[in-house]
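Below are two complexes that have chain A in common, paired first with chain B and then with chain C.
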Partner chain A sequence: MNQSFYGFLLFIFLVVPPVANFMESVMVIHMHMQMPMLVIAGFLMARFFKNRFPGFFEKWNSNGVPGILLFVIIMVYWMLPRTMDEALTTQSVEVYKFISLPFLAGVSLRDSWKKLSSFGKNSIIISFTIMFLGLGWLYIWSPVQLCNNYLVIQQVTLGWAFLTTAIGLVVYLGYNFFIDPSAYE
Partner chain B sequence: MAAAIPKKIMETTNKAMGISPEDAKITKSYIFVAFMALLIGGFLGLIQGLNRAGLLELPSWLNYYQVLTAHGLLLILVLTAFFTIGYFYASLSHTLGGLLPKVRRIAWVGFWLKMVGFVLAVIPILMNEASVMYTFYPPMAAHPVFYLGLVFIVLGVWACCIGSFIQVANWRKNNKGQHVPILAYFATGVFVLLFFALIPVAIEVLVMILPWTLGWVETINVMVARTLFWAFGHTLVNIWYLTAVSAWYVVVPKIIGGRRWSDLLTRVVIIALVVMNITGGFHHQIIDPGINELVKFMHVFMSLAIGFPSLMTAFALFAVFERTARRKGGKGLIGWWRKMPWGDVRFLAPFIAMVAFIPAGAGGIAQSTNQLDQVVHNTMWIVGHFHLTLGMTVVMTFFGISYWLVPYISKRVLTPQINKLGVIQTWIWTVGMIFMAGAMHWVGLLGSPRRTSYTTYGDHATALGWDPYLMCLAVGGTLLIIGVILQVYAVINMMFFAPKGETEFPIAEEEDNATKTPYWTERWGIWVVVMLIVVAMAYVIPLTEFIVNAPPGSPPYKTW
Partner chain C sequence: MIKNKHNIISLVLVLVFGIVLFFIGTDGFSAFTVETARVKQLIDDKPKFPDVTLEDSNGRKYSISEFEDKYVFITFLYTSCTTVCPELEYNMKQVYDKVPSQYKGEDIVFLSISFDPERDDPATLNKYKDFFKSDGETWRMARVPNQRELDQLLKAFGVIVIPDEYGNFAHNSAFYLVDKKGSLVNVMDYKEINEAAKTVSNILEKGTEE
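Up next, the complex of A and B:
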């Protein structure tokens, strides 16, 4: 309950217009802080839904694959320049963003992650790494402005954020691969 | 399991018998160099203080900025780095059953790399070819050999980081599932921070400055260089702080006969300081151009976040003091103060250091505020600030440590005479620093600039108004040099002349009813990844801006 409550507080905080406006005013903060924080808010609130509707998750997401697919689809959707633009210009899309990221992506990530095999987990991380490298490349070297709402410099910054995140993921994968925790624990 | 038993025996004997001669030699060498740096650096400080008060005119072959460069490098780099490494290698040796032979070799390689680097850096300083001060900001350019020396110093420190990682990993393999002992845990945090903090400065020196001073490229991107410098510089400051904090949490409670504060909270403080640290570097660039206000605001938030673990520390330590004193029969709201061992330098010096951190920290918070910083930026206030933080909080803790660490490694004892000398030294240093740092703060508010040799600006009334404060500064500096001499004398005495005997390595136990520390505190891999994410969050926006929208860049200048 506690955790769900904090998740809910975080969600409310992110939705409050001044906070949302501030975060959306910088492209990289929009995509690399607001969006992940929305997912985290959902991740925390998932506890509440799982207690409330245990049968639902058991029935539809018993092995975690449907849930993680939903998560990936939502994430990929919001990483497109076009959708971010739309969220800023069309009110209904903005509302959809605030609902889909926490409640579809965050909740299903929470329910699915523990159910995945380590192969499944690693494949997800590896595909996100590759995707981030690709998006980094796109945003940095794109010859044109991709979003109506953001300047090219913001776009390049976002590209570098994708690349550095990808590097962080590679470090994590390397750490997982080379270090065997059972040798220490 | 079977292999672990002889290991255990080794550890216990190690604790009972004291440090092995090979391990002792490492720490002894490091500590000796540190205090020699204090001696020379202290005299240079006095020269500066007297010059600024208009009492001493420097001879034509000695330039104020040359002295300032050497003073900064000796005290900020050599004293602190050598002391930190010497102290933590002794801690690793003591708590993890002696250093591995491999690690010992690495520590020596690191020692000599640093010494070579240091000699390389000093030669151009002596020749007045590198009076760029310890921040070596471009576009001021020193002789390339100066930067080459810095590269060697970086390599030497990296070697020591890697040595400590090997030592800790080996211990964990042999003690599966156990928590790394608290001082070794502090050492891990410090070396992790050092390891990562040195990356940006290595890039700055190797990739940007060296090719530029060698003439291979014509211009340099000044803002990128400054940003990389402070990612390192600020972290270094917090490494000293973390080192001092380790003694406050672990050693001081033992000296006053108490128990350690919550093990879990201590480890959380360490993790928090490691994860949030590097990004604090931007608070040194509050007045810099090229970063927009929104991003500066985010940076201020990030750097004030570091205040949180600091406040936790203050709370924890005063709680330990009170608890211990009450256990010894101290009564009343204030009465328990009398139960503290005020005559023991091993307590007194770090205690005053902690108290000094109260105004020092408050000043730091003021400086993180844009509007307030505009008043004090690049004035003597800043110099006063870091003489409080570093010259008092950190250095006095180091002094306090030296009164048991040096006897411990040299297998001698702290005599009552040296203890008394230490108490006197502590008070002289305290009064000297209050005078000097106090005067610096005040005269800074009146506008006296930092890093400027004596001048009255053509007898301008404002500048003449600074004189009384600068005189006060010189008085403080004179007291301090007496303190330096006493302190170095005490270290030499304890290292080579004090009576032989066993000295304990003081490590306080946990409270009896302490809760068990959860295992996630040991997962350094995760903390490092979190740290990298935080760093990326802070740096991507400004660095991209600096590079993509870069001005033409600057050729090298020799301004002195």
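Up next, the complex of A and C:
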């Protein structure tokens, strides 16, 4: 039993229609639980692909930049209000979600993260922090309903989830900046 | 060096993929929410107003053919709504007031359609219409009593209505303009009163010249 297998189990669990339907019925669970869990499933399964095609990742993603860019593109794409709505109403978009998040975003994150310099890692975290602050602001204070399939109250809840996530990221960055782990060893 | 070359190739491929993905996903960077995509789609498709029976505040029953050879300016609402609908109807009233009066009833009819037929019976609609000083003739308020027909109409015009747990509905709002042959020709932002009034007046001016 290796982690690729657990990743695969998680993926199957998330795809099962009752689970998927439940998670998609609440906006904040859809974006802040289902989508990240799909990425995690891919993250775990990445080992399988890396063992299977070791040359591929080494050749095409040796410095990790293309991989992390792919990760960012997929993540930003799924944060558009429209794509989240369409995943609920259009079958092909839903299928694309279940493929792109684990296999494009999750796998490439696993392969790329370790290859990045600490400067690269911090820039990615800082960009996501800024993006989450922006999205939080958008979803909370937007005068219009952005998603047709969810109530406005759910939209506001999602906005606060983005803001709290951003605060979490800021705490992490601060910790990273001020605390030297070797001092405690 | 070789390694770097591969990296650059894959970086470019990923970038191209990203641009194509966003281009397709947002209809060429123009529609970032489903609502804008919906409006674009409706204006392209020009769906016909389905053959449904309307029942207005005077209890009269008719289909859309009642308004043959007239433009119909439509909004969707429910009278128990306390948030968007009063604003929507108030804005509709302002458009109604701005459209030159010689056209009203002759070339254009205003119609507010309720998607809550259970509560919005003719008596309720009649009371509601008085709040907005609608005359019940050139601006009518009506419900679609048959739920199946109502769903058909909402689907055709892309109106999404989600009931919440307090007996309210979340719904998208817009001004809809149906032409003399019963096809939807324009969907306008219900907050842009002047623009909507101008668009409608222009269409009416052109329509009567011919």
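General observations
Going forward, the second predicted complex is superposed on the first by the 184 of 185 C-alpha atoms of A that agree within 3 Å, B and C clash if a C-alpha of one lies under 4 Å from a C-alpha of the other, contacts with A are read in each partner's own complex, and residues count from 1 in each chain.
Going forward, contacts are C-beta pairs under 8 Å (C-beta built on N, C-alpha and C of every residue); 3 or more make two chains touch, one makes a residue touch a chain.
None of the values given here were measured: they were computed from a predicted structure.
Overlaying the two complexes via chain A leaves chain B and chain C side by side, clear of any clash. Looking at the shared chain after the overlay, A:161 reaches chain B, while chain C stays out of its contact range. Superposing both complexes on chain A places the Cα centres of chain B and chain C at an angle of 110° as seen from the Cα centre of chain A, in steps of 10.
By the touch criterion stated above, A:62 is placed in contact with chain C alone, chain B being left untouched.
Judged by the touch definition given at the top, the superposed model places A:122 against neither chain B nor chain C. Contacts of A:70 after superposition on the shared chain: chain C is touched, whereas chain B is not. In the superposition on chain A, contact of A:83 is made with chain C only, not with chain B.
Taking every C-alpha of chain B against every C-alpha of chain C after the fit on chain A, the minimum distance is 10 Å.
Shared contact residues on chain A (touching chain B in one structure, chain C in the other): none found.
Of all residues in chain C, only 3-4, 6-7, 9-11, 13-15, 17-18, 21-22, 25-26, 31-38, 160, 162, 164, 170, 172 touch chain A in the complex they form.
Chain A makes touch with chain B in their complex at residues 22, 25-26, 28, 32-33, 153, 156-157, 160-161, 164-165, 167-168, 171-172, 175, 179, 183-185. Those residues of chain A that touch chain C in the shared complex are 59-63, 65-66, 69-70, 73, 77, 80-83, 85-86, 89, 144-152. Residues of chain B touching chain A in their complex: 169, 172-173, 176-177, 294, 519, 522, 525, 528-529, 532-533, 536-537, 540-541, 543-545, 548-549.
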